[in-house]
Structures are given as C-alpha cells and as structure tokens.
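Here come two complexes built around subunit A, the first alongside subunit B, the second alongside subunit C.
So, the complex of A and B:
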C-alpha cells in the first residue's frame, strides 16, 4: 500500500475516532443536559457539563491524532505497534477522565411538577472493570510490539516480497 | 413492553458478566486508576491549545513519515547500502 493510500486510511480512521470520542459524547451530554422526563427537566450542572466536554475534547483530539498515525502505518510495523500502544494508554486516560470530570457520579437534579429530588448515576465500578480489561489490552499491545521488533526482518521480507 | 423486556434481559446479561469479571478485573482496574491519577496531573486543564497542537504535530509527523517510508517497498538508503534482508548467513543481512 503506497503513502497516499496509507494516509487515506489514516484519515478515515481519524474521522471514526473523532466521531466516537468527541462527537457522540458531546451530543449525548448535550442531549442529557436538555432532557425532560414527563415534563420534568433534568438539570446537569453547567460546570459538570463544561468539564466533561473539555476532557472529552482534549483526549479525543490526541486519541484521534494517534489513530491517524496508527492506521496510516504499514501492517505489523514497529511504528504501528508503538502508536497502537500509546493509543490504548490514552484511551485509559480518556475513560478515566470521565471520572475525573465527575461524569461517573453525575447528579441529575429533578425539579418541578411538585417533585424535588436527584438521581446519581454511579458508573465507577463499571469503569474499574473496563480498566482491568484495558490492562489486558495493553499487555497484548506490548506483546505485539515485541513481536514486530523481534521479527522485523521476517516481516519486512514478506512485505517487500523478498524471498 | 417488548423493548422493556429486552432491555431488562440485556441489563441482566451485562450485570452477570460484570459481576463475574468484577473480582478478577477490578483489582487490576484499581492499579490502573492509581497510575492514571499520577499521569493525569501533568495534563493541562482549561486550555485546549496544547491538545490541538499535539494532535496537529502527530498528524503532520505521520504524513512526513509516510511520505518517506510508506512501508510497501525497500527504502532507497537500504538498497544503496546493499542491505537486502537476506536470511542469516547470506551477504549483508540486516
């Protein structure tokens, strides 16, 4: 695959990652912010909302940049392995930033219609399990990187069609 | 009603999987959280510019690296040196 094709592939995956890590969370939180259940508005505090959107955008940008690098690199290359590993680590930070920003313990105030109260969405335990799974992913990525480095000669010969 | 049943079943399945994994994976998750908390301190808050700059730098470097070394053919400098990636024992192996 030539350089232009590599880059097109990189841009496509970058677009996918921007959608997944920035656009969808942004739309979701914006939707939640203005959500009404049976006429009762659910209030997500502006401060929580801003912090969540900030971290989602910040890490989303870096993850998307890394995704471009990863997916525009040749198969089984060391640079692909390295950036795939960096990307997984950044994904951990991204995921944890939800907790950091307060998104794992969102307090949603419900008021109006003679009802006053709040609901707390606690997804911290869920994220802990997810982090554990990410740890296993990091282990696999490290293995891949070692494999690509050790078998570099073999991989290159195969890729360039050298017998 | 069908949707409600479907989501209930789905929630039960996800709950069962998470419940099973929790004892194994959660301790590892706690370890992950520990180092992540340290790392997150170095990331700037309330300023998106460093992240935008970093993203641009990564994309530009990927473009440059790809232009010079797309990976589909042997780079010129290796060919000129006569490095052929021949198997061990042959001339000029890398």
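So, the complex of A and C:
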C-alpha cells in the first residue's frame, strides 16, 4: 500500500479511536449527569464529572494520535509494531484512568421529592476483565515486534517483491 | 503465510472474540440502563406506601416496604438485596437504632417484574418516653447487573416513617 493510502488509513482509524475513547464516554457521562429516576434528578457532581472527562479526554487524545501512527505505518514494519505496543499500553492506562478518576465507583446524588440519598455504580469488575484482554493483546504485540525484528529481511523482500 | 503469522492469527481471533463479547456486553448493558432508568415506573421503591405500625414503648412494631422492579434490560438482575436501618428519636434529643438488617431477594430475569416487600418486625424495649417517638430509616438496595460485571447500590437516607 502506498504512502497516501497509509495516511488515509491512519486518519480513518484515528477518527474511530476518537469516537470510541472520547465521544462515546463523553456522551455517556453527560447522559448520566442529566438522568432522572422517578422524576427525581440525580446529580453527578460537577467536580467528579470534570475529573472523569479530563482523564478520558487526555488519554483518548494520546491513544487516537498513536492510532494514527500505528495504522499509517507500513504493514509488518518495526515502526507499526512499536506504535501498536505503545498504543495497547496507553489503552491500559486509559482504562486505569477510569479507576483513578473515580469513574469505576461513580457516586450520583439523589435529592428531591422528599428523598435524599445517593447511587453508587461499580464497574471495577468490568474494567478488570478488559485489562485481562489487554494483557493478552500486549503479549501478542510484543510477539509481533519480536517477529518483525527477527524476520526483517524476509518481510522487506516480500514487501518489495524480491524473490 | 509464515508459521509465525499463523500462530499470531489464532491468538488474534481469540482476542477478537473476547473483545467483541465484552463490547456487546457493554452496549447491551448501556441499553439496559437506558431502558430501565428511562421509565420511572420500572423502579418503584416504595411501591405504594410504607406501612409502619408502632403502638407504644413496650409494644411490637412492624414495617412493610413494598417495591416493584421491572427488569426491562437484557441481563438478569442478581444478588438483589435490600437493607434497612431504623432509628427511633425520642425525648427531643435522644436517638437509638432499633433495627439494622438486610433481606435478600430472588434474581430478576430479564423481561420480568418483581413485586415484593421488605417486611420486618420487632419489639422496642422500655424507654422513658416523655412524648411520642419519631422513626426514620436509611434504605439500601444493591445488586449486580451485566453478568455480575456491574454492581450498584442505592442509598436513601433519613426517610421519615412516622
């Protein structure tokens, strides 16, 4: 695949990652913030909301930038392998950011209609299962990187059509 | 294809299946939350009125909290538990917790409605009351959703019984 096509591929995947890591979480937390149960508004504190959105956006941007370099690199190149590995590690940090931004135990206040209280949503188990999947992904990315390095000549010959 | 790439593809397909499953669970979990929480009739605690009978300082009392949960989501609601702590306030400034306990309920399969009630009974010991006591309670409802991957706790504080 030529360089322009690789660039387009990089931009497309960057767009996909922006949607997955920034847009969808942003819309989800904004939805939770304005939710009502039995007509009673639930309140995700502005401070919590800002912290969650800050970390999600920060890591989302770095992951999306990394996705561009990963997907615009030539197939089976060391550059692609390196960026892919960095990207997966960043994905782990992104998931972990849900934990240290407080998003794994979201506390939402309930106030109104003579009822006061709060709701806690725990998604820690969910995050841990995803971390397990990412561990497997990191393993395969390291394997890729070693493979791309060891078989560098063979890959280059195949890429340039040298028999 | 090089043998190294065959091994890689096998592991990648396995990871892809895992990731796709988890993504599906995430999407269905989110849609379940929208379905359940989007309609205020799906969760009604209390469902009707809370009945609390207490006739005097040495008499028995009982509390019934009816509730309705309509699981319109895609997963079963499991480990559903309601906890209540009742505090009696008397003689203007004295408080005492007269009950603190939990009750477990059956799992609520997706698409089904659970109409049940939390019922407790007890006896108050002798108090030197100078006036009618008042009773407040803290209600906690907890459970798990999305194949037990998401847990929730609902805390209602200082709900006035009498």
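We adopt the following convention: the second predicted complex is superposed on the first by the 163 of 163 C-alpha atoms of A that agree within 3 Å, B and C clash if a C-alpha of one lies under 4 Å from a C-alpha of the other, contacts with A are read in each partner's own complex, and residues count from 1 in each chain.
Convention: a residue touches a chain if its C-beta (ideal position, glycine included) is under 8 Å from a C-beta of that chain, and two chains touch if they have at least 3 such contacts.
Every value quoted in this text rests on a predicted model; they were computed, and no experiment measured them.
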Which of subunit B and subunit C A:8 touches, first, second, both or neither: neither
Which of subunit B and subunit C A:143 touches, first, second, both or neither: second
Which of subunit B and subunit C A:28 touches, first, second, both or neither: second
Between subunit B and subunit C, more extensive residue contact with subunit A: B
Touching partner for A:64 - first (subunit B), second (subunit C), both, neither: first
Touched partner set for A:129, first subunit B, second subunit C, both or neither: both
Touching partner for A:73 - first (subunit B), second (subunit C), both, neither: first
Common ground on subunit A, meaning residues reached by subunit C in one complex and by subunit B in the other: 125-126, 129-130, 133, 136
Residue numbers on subunit A that touch subunit B, as the complex places them: 1-3, 6-7, 10, 14, 54, 57-59, 61-62, 64-66, 68-69, 72-75, 77, 79, 92-93, 96-97, 99-100, 125-136, 153, 156-157, 159-160, 162
Interfacial residue positions of subunit C with respect to subunit A in the complex: 2, 4-5, 8, 11-12, 14-15, 18-19, 22, 26, 30, 34, 37, 40, 43-44, 139, 146, 148-160
Partner subunit A, residues of subunit B touching it in the complex: 18, 21-22, 24-33, 36-37, 39-40, 43, 45-46, 48, 51-52, 54-59, 61-63, 65-67, 70-74, 84-86, 93-94
Interfacial residue positions of subunit A with respect to subunit C in the complex: 28, 31, 35-39, 110, 114-123, 125-126, 129-130, 133, 136-137, 139-140, 143-144, 147, 151, 154
